[in-house]
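The structure appears below as structure tokens.
So that you can tell them apart, the chains are marked A, B, C and D in the order they are listed, and the count of residues begins at 1 in each.
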Amino acid sequence: MMELIYQMFPLALMMATPLILGALGGLFSERAGIVNIAIDGTMQVGAFLAMVCVLIFEANGWPYAKWVALLVAFIGGAIFISIHAIASIHFKADQTVSGTAVNVLAGGLTIYLCQIMYNGARSTDTISAAQGFAKFNIPFLSDIPVIGRLLFTNVYATTLLAFALIVVSWFVIYKTPFGLRLRSCGEYPQASASMGIDVVKMRWIAELISGGLSGLAGAVLVLTTATFYYSGTVHGLGFVAVATLIFGQWSPWGVLGAGVFFGFAQVLGLYSSSIPLLENLPSEFFSMFPYVITIVALVLFSGRSMAPKASGEIYDAGKR
Amino acid sequence: MKKHSQLKISLVAVGVGFLFAFLVVIVAGRNPLNLLAAIIKSISGFNILRPNEPVTLVNTLNWLKYAVPITLTGLSVGFAYRTGLFNIGGEGQILVGGTAAAAVGLLVDLPPIIHPIVCLVAGALAGAVWGMVPGILKAYRKINEVVICIMMNYIGLYATSWFTRACLPIDPATNARTIDLKETAVLGKVFENVPSLFNWGFLVAIIGIVVFWFIMEKTTFGYSLRATGFNMEGARFAGMKVEKNVALSMMISGAFCGLAGAVLILGEFGYGRIQTSFDNFGFDGISVALVGGSNAIGILLSGLLFGLLKSASSNLQMMNIPKEVSELAQAVIIYLIAIQYVVILLLDKFHGKKDKKLISENTEKGDDQL
Amino acid sequence: SGTTDDTASVTYGFVTDTGGINDRSFNQTSWEGLKRYCEEAGLVENQDYSYVISEKESDYVPNLTGFAGQRDLIVAAGYLFEGAIAETADQYPEQKMLIIDVESLDVDKYTNVQQAVFNEHEGSYLVGVAAAKMAEKAGKDTVGFIIGMESETMNKFWAGYQQGVYSVNPNMTILYDNVNDFSSQEKGKAAASKQYDAGAYVIYHAAGGSGMGAISEAAARREAGEDVWVIGVDTDQYEYGKYGDGTQSAVLTSMLKRVDTAAYNAAKAVAEGTFEGGIVRYSLADGGVGIPDENPNMPDDVREAVDEAYNAIKDGTVTVSETYVKE
Amino acid sequence: MTYAIEMLNITKDFPGIRANDNVTLRVKENTVHALLGENGAGKSTIMSILFGLYQPTSGIIKVRGKEVTISNPNVANDLGIGMVHQHFKLVDCFTVTENIILGKEPTKNGIVDIKSAVKKVKELSELYGLNVDPNAKIRDITVGMQQRVEILKMLYRNADILIFDEPTAVLTPQEIHELMHIMRNLVKEGKTILLITHKLKEIKEAADECTVLRKGKYIGTVDVKTTSEQEMATMMVGRDVSFTVEKSEAQPKENILEIKDLNVKDSKGLYAVKNFSLNVHAGEILGLAGIDGNGQTELVYALTGLCKAESGQVLLKGKDILKLPIKKRLDSGMAHVPEDRHKHGLILDFTLKENFVIHCYNKPPFSKHGILQPKVIDEYADKLIEQFDVRSGQGKDTPARSMSGGNQQKAIIAREIDRSCDLLLVVQPTRGLDVGAIEYIHKRIVEERDKGRAILLVSFELDEIMNLSDRIAVIHDGELNGLVYRKDTDENELGLMMAGSIKKVEAVI
């Protein structure tokens, strides 16, 4: 049994990583008071840019393609989400509507660009596996009993990056002045403004980080699990990331837990045939399983939502 | 600030959206005339580039055919929205609605006319059940309906796939769908001889619009739903059963999507489907509802608009315009709806100029008289 | 202009299924076959021949009828087109159409519809032999199979593959996973990873877009120095399994389904006036299914075994069943 | 004499309205300067200008004699100006300390140094006798405490010009008294205070000078010591106003509301109302006095059905309503003017007419067979608007959101009174309203009493209780700590009962 779990865990982490990063992106946005259902679209943009970047580097024989690709996806995501940010921060947009627009835009835009860049093809070219991320065992750490096999064996560098970003986010949000101000903007922006905090600036920073992380999520998805980008690459994972954020109750550790949970539940479906009692159930039951469990978990933990109060509210300096 | 009707804002958004589409086409080095031709052809069947081409009803009927399901999902999203809920669970509700309709259409013997009606009811009920889950959890356990809806989408995807395989007669030739529905259950084509699947299901959409409008604007139930949507605590204080309203609203919303699924199965496909991914009719419904301002007439109009954008896809591609152009136009339209504050400001400015002109004209006249 | 008058050139339309034109699988391949003929015939893309992408199944009929009456031949790939083709043919009985992977339409009624089907089980038998031989050579006893969804067509892959593997070694273990999804690379990747971890040496995927994840997993493992292989489907997927400097690939071979040939042949037949409706079966014997001639990763002895099996099927000494249950 | 603040000829235009019209305000250093005016007179606006939230359309601001441009609150902070807003600007889920340091956090290696911040807050709190717990979460402390946090925010920023926008609207008499004391303390420590209020008594108690605004215009500045309340009121309203409500002796009749041994738990699961018993008769106004947070909210919620009671009985005309849902209770003869008019009283996005029918929309003649009857509703709305003089831009079609607080309250009162219920439950009916509006609403309440309704008035404002009630009940820590006839008691005694120092339950009928 333990052996099975050892095998399942790295896969669960692989599946979880893009969700965690996407949800973390949503977290920054919502903590600053802006609803972000545009994670899905931003992930598409990130995935597209990452692929394009790797392809360009590969063609020219330049090194560090995947790392540069992550950076490009981060920046690209940040730029892309600005469309949502402008609408939400300056134009008093209904943030759900604006997010929907951005999602629709991403699908059309990336495929349109693919056609321009790749001979009318509706996908990018294919990269070599050497260009993507590969799993590895971390020396020493992987020798730690139990934890070593669970967390540090067969891991992707991107998963470690996500872990690191969780820690950094937690630190930034809960320990630094910036974090305190950010959270206040999501709870009661009028209060922040009265304390001399530039709510507009804070929200912009949060949105840029949010877009960056979502873009990163897309890049990680495509560079760990795929070899080209097409319209089905993200296939709604951004919405699962939104669910991860809410399930994780808007906290970095919660997001980590929820993301790993989702990943694990997905993988369980694959392994069901090796688990006594589960082997005879139809495969659909396992595909369904993570989602059912999530609902059950939400019901069990219900009644104490930690949603930022002002999330989705239009901030108007004159409002009293 | 002047009051501008939702309609006016939507019209501006649509206009700019189309302008943007033209721009994209020009930038891509394609002929914008083709875009115009494709749109006109999709509406009327008339090809301005080849005036000799015979004009048929196919294009127009296809346009309407596309508008039917997304109008229904638009009503669904709009209904929930008016009660302060975001129904992003349309995908799942459509799937279960379609599957329920297929089950009744395959397993039950009923006379014609009655049969499709029973199928539709089954679809609506199934959709309602799927909407009830997020509704009840939102109402009684305060769980965010968005997550539950997303979860219910995926559960619906796999549940219907399992149910269809396990409980419905599967077509042995493909093993990937059911056998054809009973003849009596099918919603026939309105124009037998036109090669478009435009079917009597459109009546469901029209009835849906009337029902939506009537419930929302005319009934006490609609009044209490709107009150709940605007101010839940206030509604509770006034003695309304807020929890019941939330749950019911989600159920009705789900029923609209269930109907959309049923209409698709009964009218378009004629068999039960096993899907491995979503068709996005539910997500389209979000755009339709938002652009339509979540009111009945608005949803009808925006359903027609988005139906056009969908149906134009085929003509666009045949006229050498990438179909993504229509997606980009959609995005721009929805975005402008989102930032209607700015649109209003610009409209005001525009009007302001006109008003000032009027005033100065008047004063000048006044001076003359003096 | 549905009927060809002597001055006008012949015109073609292609409608994809929901997989899109660049699915690196049968849509793309069918289109390439059609395109190949058109280029040879000197036709102009987007004028004499073009494709239309279907976003959802609801687009099938409108897309087909959009071409109907305008193009001499319409090509569509995928069994989900069955109903849509029938609907279109009902309205345009004169319209010539080619539908791939369907054989259930009434041939007497739809005389202008050609239904092309493939003996996937035969091709799968070959890659089954290849997989088993490779495993044996490496001293392994396990191979894997990943499927995107259970359906009649899909089951033919599974049946043929099993027969091929067991023909080499009846004691071989075949791992089987259904990812229930044609578009999730992550699931395909996870399934492949699971099977490799469980000892599979070669994995054969028939999972469309999800299968790309399986290929990516194999390539990543080879990149990391692990000795595993993957077998592609429908088209030669060699280049999608690139690793290292991009000249090597983790794709051992691919089960070719020559939908391009079907499209090419039909297009040519229409131009030459020899097009006929009815069912056209592409088998291993006539080159309709098989494996690529170039298989740089396949050692000679394995190649020999595969060739042997090929000949045996061709001359009828071995018949591959469409259904198979190991006793 | 030096001026701390001079705002000269300030004009501020909002789209469609001139909120300040050539207003001049001079505040001497080391004084409490009051700013008096009706609702909408422009008090908050001019203070927001001083605090940098708005820019004046024209006019000059001088701080300590130097001309300045205050482009945002940061500039104001740097000039030593701090403001306590009418609606507190506190983040609910933050601690007291976090709220205070927000925007000006002490750090150690880039990390917020909470420890030293807590220490600083404690020191300040002790220095000015504010007595707050630096580690408490805002949502767990009383409104009075929250206000002290607001004051600490300014002190933490070394502000020496402090603006208070209607600070007493939400406070209990004791808290108000303490606040006045705190203000005097602050002035003693060298601060200058600007106090916005509607309440003349507070001005009398705490202020040195008073500037009066009316409809955006400057009326005058007076010396508080030498000016009577009556004179200031006349300046503010532009006519004579009476402070006392004229009413005849009560004629109590049958028992309408009987509360017997009621126990209610609060949201944290503690008993907030304990063995509470009280009767309210037809034809009397029973005022329930008490310091905020002593169980009034829970009591009212239990009566109206917003929260469940643990045990006890509530009889309305002899019928136990405690198990009934909200709707049934309202229907069995209870009208309710809630404490929070925005959250509970109105659907702000509904029009006025829609708000009028919020209780009766599903009853004939307003609806038939579940279908609304727009004509009937329109006529009804017009009737109420006329009867109760509810003023708004577009009449019955005005969105409630765009109406002034006073008119919103009038609309609620109109709606509830028109339901002609035997029991009228009014909670804080005049909070934040100006004297004109208060006068009107008080008059209507007394009229209802004279029509034979039983009225339970819950208010934190002792004046209101004293003015209106025939009998007064006092709630302290969830228990009935006093029940006396109005004529037999005075403010002093009530204060002692509210504080729990004495108990006197004698006016039982």
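Following the convention adopted for this analysis, a residue touches a chain if its C-beta (ideal position, glycine included) is under 8 Å from a C-beta of that chain, and two chains touch if they have at least 3 such contacts.
It should be emphasised that the depicted structure is a prediction, and the values quoted were computed from it without experimental measurement.
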{"item": "Maximum centroid distance from chain A, chain identifier (CA atoms)", "value": "D"}
{"item": "Which of A-D and A-B has more C-beta pairs touching across its chains", "value": "A-B"}
{"item": "Distance between the centres, which are taken as Cα means, of chain D and chain A, whole angstrom", "value": "45"}
{"item": "Centre-to-centre distance between chain B and chain A (centres being mean Cα positions), rounded to whole Å", "value": "29"}
{"item": "Rounded Å distance, chain C centre to chain D centre (Cα mean)", "value": "75"}
{"item": "Distance between chain centroids, defined by C-alpha means - chain A, chain C (Å)", "value": "34"}
{"item": "Numbers and ranges of chain B residues touching at least 2 other chains", "value": "158, 161, 165, 277"}
{"item": "Multi-chain contact residues (two or more partners), chain C", "value": "53, 180-181, 183"}
{"item": "Chain-chain contacts as defined at top", "value": "A-B, A-C, A-D, B-C, B-D"}
{"item": "Chain B to chain A touching residues, read off their complex", "value": "24, 28, 86, 88, 133, 137, 141-144, 146-148, 150-152, 154-155, 157-159, 161-162, 165-166, 277-278, 286-287, 290, 322, 324-328, 330-335, 337-339, 341-342"}
{"item": "Of chain A, residues touching chain B in the complex", "value": "37, 83, 87, 91-98, 100-102, 104-105, 107-109, 111-112, 115-116, 232, 235-236, 239-240, 242-243, 246-247, 282, 284-285, 287-288, 290-292, 294-295, 298-299, 302-303, 305, 307"}
{"item": "Residues of chain C touching chain A in the complex", "value": "20-24, 53, 176-181, 183-187, 189-191, 193-194, 197-198, 209, 212-213, 215-216, 219-220, 222-224, 239-246, 250"}
{"item": "Parts of chain D lying in touch with chain B, wherever the complex brings them together", "value": "15, 304, 306, 325-331, 336, 338, 343-350, 354, 358-359, 361-362, 367, 370-372"}
{"item": "Contact set on chain C toward chain B in their complex", "value": "13, 18, 46, 50-53, 55-59, 61-63, 65-68, 70, 79-80, 82-83, 87-88, 90-92, 102-104, 148-155, 180-183"}
